[in-house]
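Down below are the structures I want you to see.
Consider the two complexes below, in which chain A is the common component and chain B and chain C are the respective partners.
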Partner chain A sequence: MKPLIELKGVHKYYGKGKQRIAAVRDVTFQIEAGETFGLIGESGSGKSTLGKMLIGLEPPSEGEVRYAEKALWKGQSFHRPRPGEIQIVFQDPQSSLDPRMRVKEIILEPLRALPRLERLEKGGEERLHALIRRVGLKEEHLSRYPHEFSGGQRQRIAIARALITDPAFVILDEPTSALDVSVQAQVLNLLKELKQERNLTYLFISHNMSVIRYMCERMAVMCKGEVVETGTADEIFRTPSHPYTQTLLASLPSIFRDKRVEANV
Partner chain B sequence: MSTALAEASVRRRTVNPFWYKLKKNPLALLGAGILAVILLLSLAAPLLSSYDPTKINIIERFAPPSAKHWFGTDEVGRDIFTRILYGARLSLGVGAAVVLTAGCIGTVIGAISGYVGGRVDQLIMRVMDMVLAFPSLVLAMAVAATLGPNLLNAMLAIAIVKIPVYVRLARAETLAVREKLFVQAAVTFGIPGWRIIGTHILPNVVSPVIIQVSLDIGDAVLAVATLGFLGLGAQPPTPEWGAMISVGWKYFLDYWWYPAFPGLFLFLASCGFNLIGDGVRDILDPKAAR
Partner chain C sequence: MLLQITDLSVEFTTMQDRIEALHHVSLSIDEGEIVGIVGESGSGKSVTALSILGLLEKNAVIKSGRILYRGTDILRLDKKELQALRGKEIGMVFQEPMTALHPTMRVGDQLAEVIARHRQLSRKEAYAQAVKSLEEVHIREPEIVARKYPFELSGGMRQRVVISLAMAAPPQLLICDEPTTALDVTIQHEILKLMKELSVKRGTAIMLITHDLGVVAELCDRVAVMYAGEIVETGRTAEVLQNPGHPYTRALIGALPDLADPAEPLHAIGGELPDLRSRPEGCIFAARCASVIPPCREVRPQLQPVRPDQGHEHQVSCWVR
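Let's look at the complex of A and B:
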């Protein structure tokens, strides 16, 4: 099976000359269709930069970024597959929703980039209502403004906005790290269910090991711009090979540590 | 029925905080009061006065203030009170129109400049710096004199002088809004730049612009009168305050009422706008101390 996403030798530099900083160094991995791929690393490790490359906000300095076998970037210009095919949910739901727009306008906004017929079809009242109910909100919320909602509810709005275009691939850029722990679990479960129902592929970016473990089938560990380890989540959690991964795992409360690893210690 | 009642009571309880705060600011209220009075007087001008503001009546020239002519008459016997009332329509209307025009144009230019960035931004901002480098009155005079002395050109001149202020303001605000995630999100949807400016940037930069507009109207009223005074604005026999003062001050020693009353109204109107402007700024500016 061909991978949906392919990154090959991707670099990203900021600045020039002596001040040049490599935010991402020689990153290579693939994401298969239908899986949840986790990307973990501390702040500044370049994981969000990779997300931005896939969504068209940051061009890579070197290397290839492919989606469904087509290059997303040619030089500095982004070649969007089909509007709405790739969507993103940002970390901070406080700033990702325009405070001056009603929820309905916010959710329907991505459709504005679509051709008229498709926009009318996907933006239909019934479809919108089904979607808003599916993410756990109510129809009457559609006419309200974002400031009237809690963080978890706002993130649900952001998720609805990402799904309105029927995307194939969704980038989740730390979608729960700004939320309370109890709300985190609800949102994560919602994302899991939506993935099953809609046959989505996720890139799940996070700095939280337990969240990654809960969500992802395969994962990559990033450290200082480099991918230090790639593999199935099970493998990495059971037998971390890179010292950085081991440190990350050691930082978790013991309840999350795999029993077999503990038996070996 | 009961739900409708409940809704109504909820609506009544949510007092608009803007009006609530405005009520607590006595100076702003005074300014609003002054302007409201002037506005009402000017709107009711035909009811309050039976004179024609431009009709000449040589026999009654330079009549002192009396029951017949409250503010006296001028050198050709026109009733000054009437001319002030009609002049108020002109001054207030022109002042507001000029600032709103400059505000709209300047905000759009500033938003484009800030959003697009790069060379376009550099070019626009350097041009604005050039305009700002001139003393505004001198520039307005130069523009008005070049275009020819009439009211429309004076308005245009003042608007041109005012635009850079709004460009800078809107640009600075745009630079902040542009980095917000909801703008980034709109970019990822593939929405074109002009539409992002229209739906996200402009609505989020208008509040400081509104404050600036409210502060500037008084200024613009004064500027229109200044150009009128210098003979570059409204031409006689238009009842414009600046032009009236300009003719009247020559007669000041003999007929004090001629320049004094238009001057008084200009002063009051300008004060009113500035008081309101300060009040609005205090209310809308989140950085101002409560």
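Let's look at the complex of A and C:
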């Protein structure tokens, strides 16, 4: 089977001459259709830059980014597949939702990129109501503004907005990092269920090892712009082979420390 | 006993409402002890810290309680006496190191200023001390770093500088409000190690405020779990984490993804924080609790020893036993 996403020798530079910084260096990996692929790294490791390349916000400086066998970037111009096919959920629902729009407008906005017929079909009242209930909100919430909601509820709105176009691939860029743990658990469970129901493929970007462990089948570890290790989450957590991955795992404060040691043996 | 908070209630008044952010909180810290306060947003953990420091906003009213620091009630001190206590006796470290540092002053000068103030040294001696104290927080090439501005340093380095500022006096009690939340895990690990080392070496007690049970497990001797302005469980860290007595503590632990067993679905806590404008009559957690029994909604439980025959340290406020 051909992979859904293919990155080959991808570089990203910022600045010129002496000031040039390589944010991403020679990154190669593939994401299969139907899997959740985790991208882990600390701040500045380049993981969000890769997410931006896939959604069309940043062109790569070198290398190939392919979606369903087609190149997403030709030079500086982004060739999106079908509109709404790739969607994204950002970390901070405080800043990613327009404070002057009602929830209904926010959720329906991505449909404006779609052809008229499809827009009418997907923006139907019934479908919208089913979706808002599915992400755990109520119909009456549709007429409210973002500030009336808690962080967890706002992230549910952002998820509904991503799903309204019926995407095949969703980038989740630190979707629960701004949330309390009990709320994080709700949102992670919801994301897992939605993936099952809708046959989604996820790229899950996070700095949180245990969240990646919970969500992902395969993963890549990034450090200073490079992918230092890829493999199944099982493998990487049991037997991390790169020293950086080992340091990451050893730094993790965990109340499950004892259990983890047992799991390693 | 270094610090003893008894029956502290704090209320915030807004234009329309009165919100009780802390409700009869009691907590003590011994000399040299590291105590964690853990809770989610809105649990009142930061308000507790700000009350001790006398840094509450103007719209906050202390409704009841005492905060005894070595026998003196902090809540009765005037501005000047409080100022003398802060920094010298009680140091503080906040989440975002950039906001705690002067942006246009070199790191060494900032440190020297504080050291000169607390220890009556000349400027030159104070600067030499400043460089030494940077070395103590394991900053390599302290002479060079002392000449830098905060923006030239990484987040982890900045937090080291803030810690050495807070430890300059040195204080008897260090209050840390989410000191590592803005940092990467590898850096967090080093900062936690540093805090422990300083606490042991100087005998400084630490009150650590965090949302992260992992950080508590790593650093704290004892822990208090807060929910909606109340302490619902307290005890030795290992005891509380291994045998949590309160359904909220259990739920918090269950909500964490388990590295060893990722297939297990996470236990989310249903519902939302209660409306603090009017506290429910019974248990504060009853509305979201999975194991409610009849008294829960009517009578407020008090903190009681979990196993009275095994000492009084591990306490929980819950009717379900």
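Going forward, the second predicted complex is superposed on the first by the 252 of 265 C-alpha atoms of A that agree within 3 Å, B and C clash if a C-alpha of one lies under 4 Å from a C-alpha of the other, contacts with A are read in each partner's own complex, and residues count from 1 in each chain.
By definition in this document, contacts are C-beta pairs under 8 Å (C-beta built on N, C-alpha and C of every residue); 3 or more make two chains touch, one makes a residue touch a chain.
Keep in mind it's a predicted model, so treat the numbers as computed, not measured.
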Of the two partner chains, chain B (first) and chain C (second), which one does A:248 touch, if any: first, second, both, or neither? second
Quick check on the superposed pair: does A:225 touch chain B, chain C, both, or neither? Answer first, second, both or neither. neither
Report for A:56: first if it touches chain B alone, second if chain C alone, otherwise both or neither. first
Please indicate which partner A:180 is in contact with in the superposed arrangement: first for chain B, second for chain C, both, or neither. second
Partner chain in contact with A:88 - chain B first, chain C second, else both or neither: first
As a test of reading the superposition: which chain, chain B or chain C, is in touch with more residues of chain A? C
Once the shared chain is lined up, is A:123 touching chain B (first), chain C (second), both, or neither of them? neither
Does chain B (first) or chain C (second) touch A:46, or do both, or does neither? neither
Complex contacts: residues of chain C adjacent to chain A: 40-41, 155, 184-186, 188-189, 192, 211-218, 241, 251-262, 265-269, 272
Within the complex, which stretch of chain A touches chain C? 42-43, 150-151, 180-186, 188-189, 192, 207, 209-211, 213-214, 233, 237, 247-248, 250-257, 259-260, 262-263
Per the contact definition, I'd like the list of chain A residues that touch chain B in the complex. 55-57, 80, 83-84, 86-88, 90, 92, 95-101, 109-110, 112-113, 161, 165
Complex interface listing, chain B residues touching chain A: 180-182, 184-191, 195, 199-200, 203-204
